[in-house]
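So, here's a batch of structures to check.
You will see two complexes here that share chain A, one where it goes with chain B and one where it goes with chain C.
So, the complex of A and B:
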């Protein structure tokens, strides 16, 4: 049992992938790293596992400096995005392989594999080969192989991303309930924000070069450090508009696309934005903070009018893309409503939850020094 | 339009095959061919082949040749391929080494045979010279590579020199296409180098190695070119293989009936073995999910 400490690790090829990345994952913590594909999440895991040599920096596992230690001496276990099951070995042998490598007695191996297999509900598949089981079962086999190793650190690389939605949900629930994963430090990598929000004790948003923001899922979602972090979390993606801050007799206004969208910002935001009068900013509106008003309804919030461009009914919700001026605005709608293309809509702005970013570096204007 | 290829196939494959089957049951030889007069002899030709000591010896030679030729080539090729893969990581170095190792394969087999006939000459061949220079041979001692005891082995040496590169290429490309993630998983699991070889690489390459062996076997079974140019089956028929006898009997001695008997027996042997291989390949493909 140990904590994982990364101290200013660097890794790159012809370009830097990890640039002085520091992170501490406590014992028993489930830390999720979320970021777009190709940003270096897997590289980070491989550095921790010892499959890549660091260009600089140190990795501590427990109180040991593991920077130059061989992978299997680090006390880590890793699942791979491609599962990396041994194709010619049965599910049983796949799960048993870390134990075989340690030359444990057969009875111990049998017992450990059986208990892990029943935990993961694959005990009826032990004689099959990997190509004879489904994707979800492969994934659970790969997970089983890491569980029997009883490591100090779990490294899980997109373990459920390639599965179909139903199994993904089921396995996600399983991750919540697996005691083994909750006792040690786990580093879990995904590009799916919902996995991050659902599973992480803490999450880290990864961008170019390293972690852009680390915090509790709720905090990162509600107060993203910058536009990039705001984009990574949330589906459908956050609406971004280039806006101007204008002041007239009624106070300051946020104006998008020459006034097609124009509203006074919420009280707490106004004072910060007031200092940026006549300057360009980016405003971010999450689709769930926009709503379509029924015809004739009174609005106690600012509204904009537009027309329906695309409407997708998704069962539990609907996603409506409206044309407002020359801008597109994604809105989440309740399931009972239906819209036709071209239909005029009035959209209410829940401005208390809007996010404002610096147009230059994308920094969240409401976070940190103003 | 489809008719023309069919006609060609009938002319060059089907008609001669029927012709061969017909004459296998006749006493056809050069004279009777000339006179257009041959008599049916029933199974006498087959009987003659199966009871002849020459044929039985040649089967024994074939067994030696397959074991120490084809098998050795596959084993050597596999070892070389894995060494090449594990110890040479630079891309261009691999290519250069592969090309060097594949060079012998690019020579025509008959030329290779002539080459090795020179190299292995008893009195002034290069091989004996080297053995003399490193002190294995002394004074006027010479190894007679084309003696009764050694001529078959000379063939094995020349053939191995030429064909080891084929299994090497096949196994090397098989090794390259194995998923790297599996090896990384093994690294994290803590498998030793021996365990990785024994439990990962060799089992995953098993089918590939088998296919390399099948290819070498098929080639070795009809092996005749080097026998012809290096030893002519001799001395005293000590390096004859079944196909070479059939060739000798039919084309040299014009005992067409007897040669047809040889050919059919060799054909039946090949058909049996190929059937076994096909069974195996089918199983491989089923395991790989290629066919049901």
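So, the complex of A and C:
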């Protein structure tokens, strides 16, 4: 039972994967790291577990400096992306492995394995070998193995990403309810933003070299620190446009593609944008903040007109890609809507939720010092 | 159209099959004829063997050739000696080769490891006869001398250990490292993780290596003949002793050879099941 502190850890000199990354995960906290593939999320977990040696920095588990402690004495449990189940051992023996490592009495092992297996609903599979169970069951076996270990720190590496959608939802629900995970510091890595938003007490967006932004899921989603963080979270991903700020007698306007999309920004945004010297910005519009207006409807928001390029009906929602000028705009529509390619549409802009970024470094203009 | 295509295609396939079958038959004749001749020779009386025109089926069957060879107490002892030497050498080769192979696979990757591994394997490549005389003097200087079990058990390591090391290294490289890492995080020290996770994965490979080592040690003649022969005598050295005066008793030689073929064949039949099993048994994903 301890918190995890990473102090300026570095890994990789020529191609720094982690560059002075610092992070504190409190006891009982479920911290999700989200980022695109290949950005070093797994390397980070392996560094915490002690499987990779740090090039610089320190790892603290509780009050202990664990930087040089061997992985088998660190008190850290990890599920691997590939599950890493022992193929020659039964599901029972796989789960019992951390207990056997401590040479616990047989009765204790039996009892612990049985309780974890019933919690994860794999108690009927205990005699089978890993290759005789399904992907979801393998994943739960791997999770069971980490749960019985009663570690100080849990590390979960994309534990549910490779499963089919139905099992993924079921397991995501289970993560919410697992008491064991709520008592220790958990570091959970995923590339799926919905897992991050749904599971994390706090989330960290990982970019090149380290964490771009750390915060509550809602905060990171609504106020991304920069364009990169805005891109990582959200599916379909955010619409990005190169825009100009235009001033005239009526105040300021944001203009995209020579005025094909042109609207006055919402009040708080306008005051920040109005103080800028540099007129070139990027504007980000999440697809859920755009909506297609029914024909003849009165709009109390700014609108743009375009034509339907692609329409995908996804059951719970629809995704419309519209051509506006020479730009493409992704819009989420109600499920019952239907559109033909080429059909003209009017799109209402929910500008209160729009995001504005610096064109150079991608920083969110509404966050931090203006 | 399609009929002509089919009828044009089919005879071709059939022709290829016949050609392949013909090759198989020729190959079988070459490989099985010596075995067949050994069997019928083992069943003939000496007089029938010495005819100018050989018989291809025994005129008189002498089953008691097989019991006759054991009238010489040295026959049984030579088989037992061979079993002791082959088994002890195999065990040693496996233990050393497995540990060395693991070290090469996990801790000595890169140029150093590659070169060292190839150097070890290259021990297998020079002609053994080149070191025959030095080896004789080397073992003569040991307290147990040349004519003892331990001589051949150690000597065969020269040939078997490089092979065992190299092959085990390859098997260990195929064993996923991630499983060992998972074991570390379960709390196993590297040594315990090796025995719990990695070693069981390479057992099929170990069995194959054991078979190769055992058969080499079982059949070796050159060094056994030169170094041993009095207190210790392996069966290949014993075979040429079936003579009466100036006459070689080919029926006994063949009968004894057939008996000596049995242990490796039986071993292979028992262990074949384990040798062909897949290595990682579907560890990763699914």
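Assume the second predicted complex is superposed on the first by the 366 of 370 C-alpha atoms of A that agree within 3 Å, B and C clash if a C-alpha of one lies under 4 Å from a C-alpha of the other, contacts with A are read in each partner's own complex, and residues count from 1 in each chain.
Following the convention adopted for this analysis, a residue touches a chain if its C-beta (ideal position, glycine included) is under 8 Å from a C-beta of that chain, and two chains touch if they have at least 3 such contacts.
Every value quoted in this text rests on a predicted model; they were computed, and no experiment measured them.
**Q** Taking chain A as the common reference, can chain B and chain C both be placed on it without clashing, or not? Answer clash or fit.
**A** clash
**Q** Looking at A:130 after the superposition, I want to know if it touches chain B, chain C, both of them or none. Which is it: first, second, both, neither?
**A** The second partner, chain C, only.
**Q** Considering only touches as defined above, state whether A:193 meets chain B (first), chain C (second), both or neither.
**A** A:193 sits against neither chain B nor chain C.
**Q** By the touch definition at the top of the document, which applies to A:154: first (chain B), second (chain C), both, or neither?
**A** neither
**Q** Touching A:221 in the superposition: chain B (first), chain C (second), both, neither?
**A** The answer is neither, since A:221 touches no partner chain.
**Q** Once chain A of both complexes is superposed, is A:357 in touch with chain B (first), chain C (second), both, or neither?
**A** After superposition on chain A, A:357 lies in contact with neither partner.
**Q** Return first, second, both or neither, reflecting whether A:263 touches chain B, chain C, both chains, or no partner chain.
**A** After superposing on A, A:263 lies clear of both chain B and chain C.
**Q** Once the structures are superposed on A, label A:311 by its partner contacts, choosing first (chain B), second (chain C), both or neither.
**A** neither
**Q** Now for A:30: first (chain B), second (chain C), both, or neither, which partner does it touch?
**A** In the superposed model, A:30 contacts neither chain B nor chain C.
**Q** Which parts of chain A are touched by chain B and by chain C alike?
**A** 49-51, 70-73, 76-78, 80, 82-88, 97-98, 100-102, 129, 131, 145, 149
**Q** Would you mind writing out the residues of chain A in touch with chain B in their complex?
**A** 46, 49-51, 70-73, 76-78, 80-89, 97-98, 100-102, 129, 131, 145, 149
**Q** Show which residues of chain C lie in contact with chain A when the two form their complex.
**A** Residues of chain C touching chain A: 176, 178-179, 181-190, 192-193, 196-197, 200-201, 280-286.
**Q** Across the complex, what residues on chain B touch chain A?
**A** That would be residues 179, 181-182, 184-192, 195, 199-200, 203-204, 206, 287, 289 of chain B.
**Q** Give every residue of chain A touching chain C within the complex, in rising order.
**A** My answer: residues 49-51, 70-74, 76-78, 80, 82-88, 97-98, 100-102, 129-131, 134-135, 138, 145, 149, 162.
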